[in-house]
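Presented sequentially are two complexes of chain A, the first with chain B as partner and the second with chain C.
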Partner chain A sequence: MAKSICIALREGALEGELAPALTIKDSIASPFGLQVFDHVLSQLFSSILAGKSPSQGLILVSFSRSPSFYLELLKNKGINVASSDKRIHILDCYNDPLGWKDQIVEISSTVTVFREVKHMDKLFNSIIELGRGLVGGGKIRFSIAIDSVDEMLRRASVSSVARLLSNLRSHEQISSIFWLLHSDLHKARVTAVLEYLSSMVASLEPSHQLANGQRGDLENFALIKHNSKKGKFHVRFKKRNGRVHVMSEEVHMEQSGINFTPLTSEGAINQGLVPKVQFNLQLSEKERIDKANVVLPFEHQGDNGKPLQIYDGRRSLVDSKHERAVAVENVQTKEESESESESDMQRGEIIYYRDSDDEMPDSDEDPDDDLDI
Partner chain B sequence: MAAAKTRASSFSRHLSTAAPSLGPGLKCGPNGTVLLSSGIPDLDKILGGGFPLGSLVMVMEDAEAPHHMLLLRNFMAQGLVHSQPLLYASPARDPRGFLGTLPSPAASKDDKSRGPEPDQEKGLRIAWQYKKYFGENQLNFDGQRDGKHEYSNEFNLRNPLERHFINGQRVDCVSIQDSPDLSILQDRCTTFLSQLPRNDGSISCAGRIAIQSFCSPQCVYSNMEWEMLSFIRSLKNMVRSSNSVAIITFPPSLLSPSFCKRWQHMADTLLSVKAIQDDDKELAQLLTGYQDMIGFLNVHKVARINTQVPLILEATTFSIKLQKRRYLVLECLNQAPVDGSSGNSDGTSGSCSSSSKTGNLDF
Partner chain C sequence: MNQRSSNLLDEALGLDQASEPWPLKGRVVAIEDRVETSGSFILHHLLKRSLSRNSSNVSIFIAFAQPFSHYDRVLRKQILGWNLVSQRDNGRFFFFDMLKLQCPVGDEGITPGGGLIALYGKIHKTISALPEISQKNVSIIIDDLSLMEVAANGSSDHVLDFLHYCRTLTSEFDCSLITLNHEDIYSTEDGSTFLLQMAYLADILIKVEPLATGLAADVHGQLTVSNKGRNKASNFHFKVKENMVECFYPGRSRD
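Presenting the complex of A and B:
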């Protein structure tokens, strides 16, 4: 759920832990990644302004959109950037990433232009420097938002980008970090690397899969139209105890922005590989005691070697105390029957129905003896 | 292992009359191998006593859970408790910091209640001809239980290991993040292992090498797949001719499938850890004790040194649990009791079709 992501980012890292990192992943089939990014950004920034977060500032590294877009966005959300320019700073990697222009007109004091996007270590240093400039040194933390990692990967190798992100995560002044990724622009390994580095993965999927990816078909047209407004939002959280929390929501694009609603229909439950399962053949302590207490239905058996009467459904136990006149040679003392009815709760009960009263009690003969083979 | 012992099979290794004297934390295993403990008593039992000296253990990580760190912690702490030299390599900037998170041995055995040993079938006399083969294993287990506090310890994950274990000895840490190729790590391993050559005599001490997240993406060499593979091969060869055990953990999702297979073939013992989804109703219905589980451990391959006979395990998947939130235990997966009233069983209570949905059940 989008709310839980924002809460997790807002709360930030505990002492000695890596900062929580979110990957927002989308694809051409469900292209709402930028809108989700904007949503998370505005939520996080308003929490920072409201003082709800241990993070005191936000550094936004913008690659795919101009900084003025973000300033407009925040203004539209009701956040006055001018009064809050001590809390946000934008590192502009959009206007002149490779340093081709001689001069850049400065947009505002909250924006710094960065011209060497090929060098990840310089980017790292700039981010840290800007953050320190914003919140001061020491133990005060700040958050980072990276517009899109795709642009970084275009110019630098996967391992240097990975190194940047993991160094940012392990830096003591970073509270939380999140980034956007368009998954179909890269090989599967790159997506796997970014998922490895993050503690939360939010992926956007179309609500209806297109049949065979054929987009020209009329039947699919309705689906495409549907997919351009709606989608599914899946989040995988890596929790501290080592378990993975999976959540899903529906996402709607509207004029005013983006909306998250709980899933209406039953979503597909994640079916992990369920491994081979065995029966538990071991007995717990209680089970072992019960097993020892079960009296087996052989009529010769008895506690002291005396024959024992087994309840056989024709007479109640209480009656058997009085009705001694039965055609059975079983003798039972009063104490035994009393203790038996008392300890009935502990003992297992074997219900044994005798075929007929004429039947002799179990003999010691081996019934296999009369087999004539 | 004396010559007076009756032969259990027609083919048996003729061992010298005196068993080699072994240092602390080592014991004799089957087929003339010497074993050292993994730090997790359950895992030792599953693998038949421990890791044999000279073997390479590989652990496949799950990107979504840090359970491989639990295995590494116990492994390294066990080595330090026995004063075995340790080489630790990790992609972190400061690997020494990880040593501060190693657990300390548990205080006493009494506060941990365990179920009865399954091989204590005293009341049941088995009259079968294979009993003579059991004798050897029984001896091993008895020996393990008596000398358990010597060979293998329970580790309390809540208490950190005392400083004197870490400071007092040969503990070497390497950071593999910044090295452009694997030559630094290779050199460190070579120097480390040259201190532990294998002779036929007694083994005074054995060493441990732990390499964490070997193909982690932050490392510069992580896209040099052939180089990484040849490093593993040379490490395996060096370890085989020395008195040590090396454990390497790696995330298989970050390797190409063909290299992932090659790496798996390199291992003598291959384990993998998997994360568990939270609040998975299907899994909760299927397994007992689902709430306490934190992950799964799979044993894919067990080391076969000096023998052609494989160790066939009854079960290859185990659940990882933290007993009392401190002790790592591995348990067999047990099916939850089938609810008789759900009515779908058709008398086939043996299969897992009690739920109407069929999942990916691997039988």
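Presenting the complex of A and C:
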């Protein structure tokens, strides 16, 4: 959830580890990505200023919005940038990303204009250089926020963007990094690449899915209106031990800003790893009892003398039918015993040890892990 | 009558309050229309509003679709006794005729990108040359983006770069950027990202669509206005008349 990701970014990387990386993902149906980005940015920067983070500074790479917007934003949140300009620096990739302008008006000393956004290597070097200029060299760490990687992906190849992000993550001076992505502007594999590079993925989804092919429907319009103010916020954490944790919240857009609240009746349960399909994969209480009562073929061998009753799916297990079954069995066993007496009395026995009774179907352990092919 | 009936559109855009400064300042307005429902009437409406409102308002019109005479004729019909020629002569209306290729885009060895860079430079120069008071009240209108893409030899990237730079103008000078694009020509997988890019870029998105129920004599289509700044969405019907546009909620047509 929103608080957890802010904490994770604030705590930063452990020694010898890759820096935690967050992808904020949205789509046009739920376009609150920029607001979530602003929220995370102000939270992280406040923590840095308050000394709560091992990170000593923040480099903001702005593509989608003017640096003055961010300076204004931080000021409105009560953060005095003037006194904190030793802690934040903005790499301006918004005003003149391709070098079309003849002259740039300098906005402030906390902003550096970058004019070659097509070159990821130069961008990387600029970010590191600015970071070092801000916090110094050595082992002092700083954090990075990238306004949106969409612009980067539009101007450079996926592999070069991925390389840049990966190099930033593995740089010894980077404490944490986060970026925004509009998922519907790119192919699914591009989004997947960036998700693989992140330790946390926060995705925004509309509360109500719009029906396709219902253009201009008034109902659809009502949904559009609803979706413009509210949405669902899912966060997927990749833990250090390899586990994946998924959490959900509701997000509201208000005048005062963005608000996160726990999910309402639509499901406050921790979204398990059960796939969402149209049939019910869960068991009801009665079904659970019945399952426990099923006689499994190799478990009940029958004691000596007692007839073997192997449930082969055709006969019912109900007692009233038992006699009929027994009668049939008797015939069979008679035949068997006849043949047996002729044989060496060597009966095959099936020894079956069932796996643990209380093993839940969605256990974290993958049984295939034991395979040794 | 004229003022009243267009009020729904003005209201949705925030233009109904005459006392405020031009509410579209610093905003990007993207209009998406279709073959059955042309959205050019909105461009005319916004141009009319911009020029009639305040004497210091300036409009820069980048035309790929029609020549100057067309817009002059349309606006003459809408507002009697008014013409674009005098506005142009007064320095309130700048017309960049891309049909006559005032800025060569994509020919004679000049790269498509180069042409758009030059166009941007020209717009920047024009705004910078304005008196200070007008500099703060500029509207850049582009008719239309799909033809700009054609002029750029199909490179939507160059067009998007150009639009990005125009957007920096909205930050630098507080001007408004109004664009028109056709929704139904981008039906392929690759093409739809251009529309999405515009949707993300726009502060106000106006969709001009036919009715879900089909053609009608009294209603020409419906408008859906999504205003991100005011966090408001509106939907209503419209009918394009001889010299104006009538907007009304469904079922409330005057005819």
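Going forward, the second predicted complex is superposed on the first by the 263 of 373 C-alpha atoms of A that agree within 3 Å, B and C clash if a C-alpha of one lies under 4 Å from a C-alpha of the other, contacts with A are read in each partner's own complex, and residues count from 1 in each chain.
Keep in mind that, in the parts below, a contact is a pair of C-beta atoms (placed from the backbone, for glycine too) under 8 Å apart; a residue touches a chain by one contact, two chains touch by 3 or more.
This is a predicted model, so every value here is computed, not measured.
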Chain B versus chain C as contact partner of A:M253, first or second or both or neither: second
Partner chain in contact with A:V193 - chain B first, chain C second, else both or neither: first
Which of chain B and chain C A:A50 touches, first, second, both or neither: neither
First (chain B), second (chain C), both or neither touched by A:A292: neither
Which superposed partner A:R163 touches (first chain B, second chain C, both, neither): first
Which of chain B and chain C A:I351 touches, first, second, both or neither: neither
Chain A residues within the chain B interface of the complex: 157-159, 162-163, 166-167, 170, 189, 192-193, 195-197, 236, 238-239, 241-246, 269-280, 282, 284
Residues of chain B defined as touching chain A within the complex: 63-67, 91-93, 115-116, 118, 177, 217-220, 222-223, 251, 253-254, 256, 274-283, 286-288, 294-296, 298, 314-317, 332-335, 352, 359-363
Chain A contact footprint on chain C (complex, rising order): 117, 120-121, 124, 157, 160-161, 164-165, 168, 171-172, 193, 196-197, 199-200, 209-212, 222, 224, 226, 228, 231, 233, 235, 250
Residues of chain A defined as touching chain C within the complex: 28, 31, 66, 68-69, 94-98, 100-102, 105, 154-155, 182, 184-186, 214-218, 221, 224-225, 228-229, 253
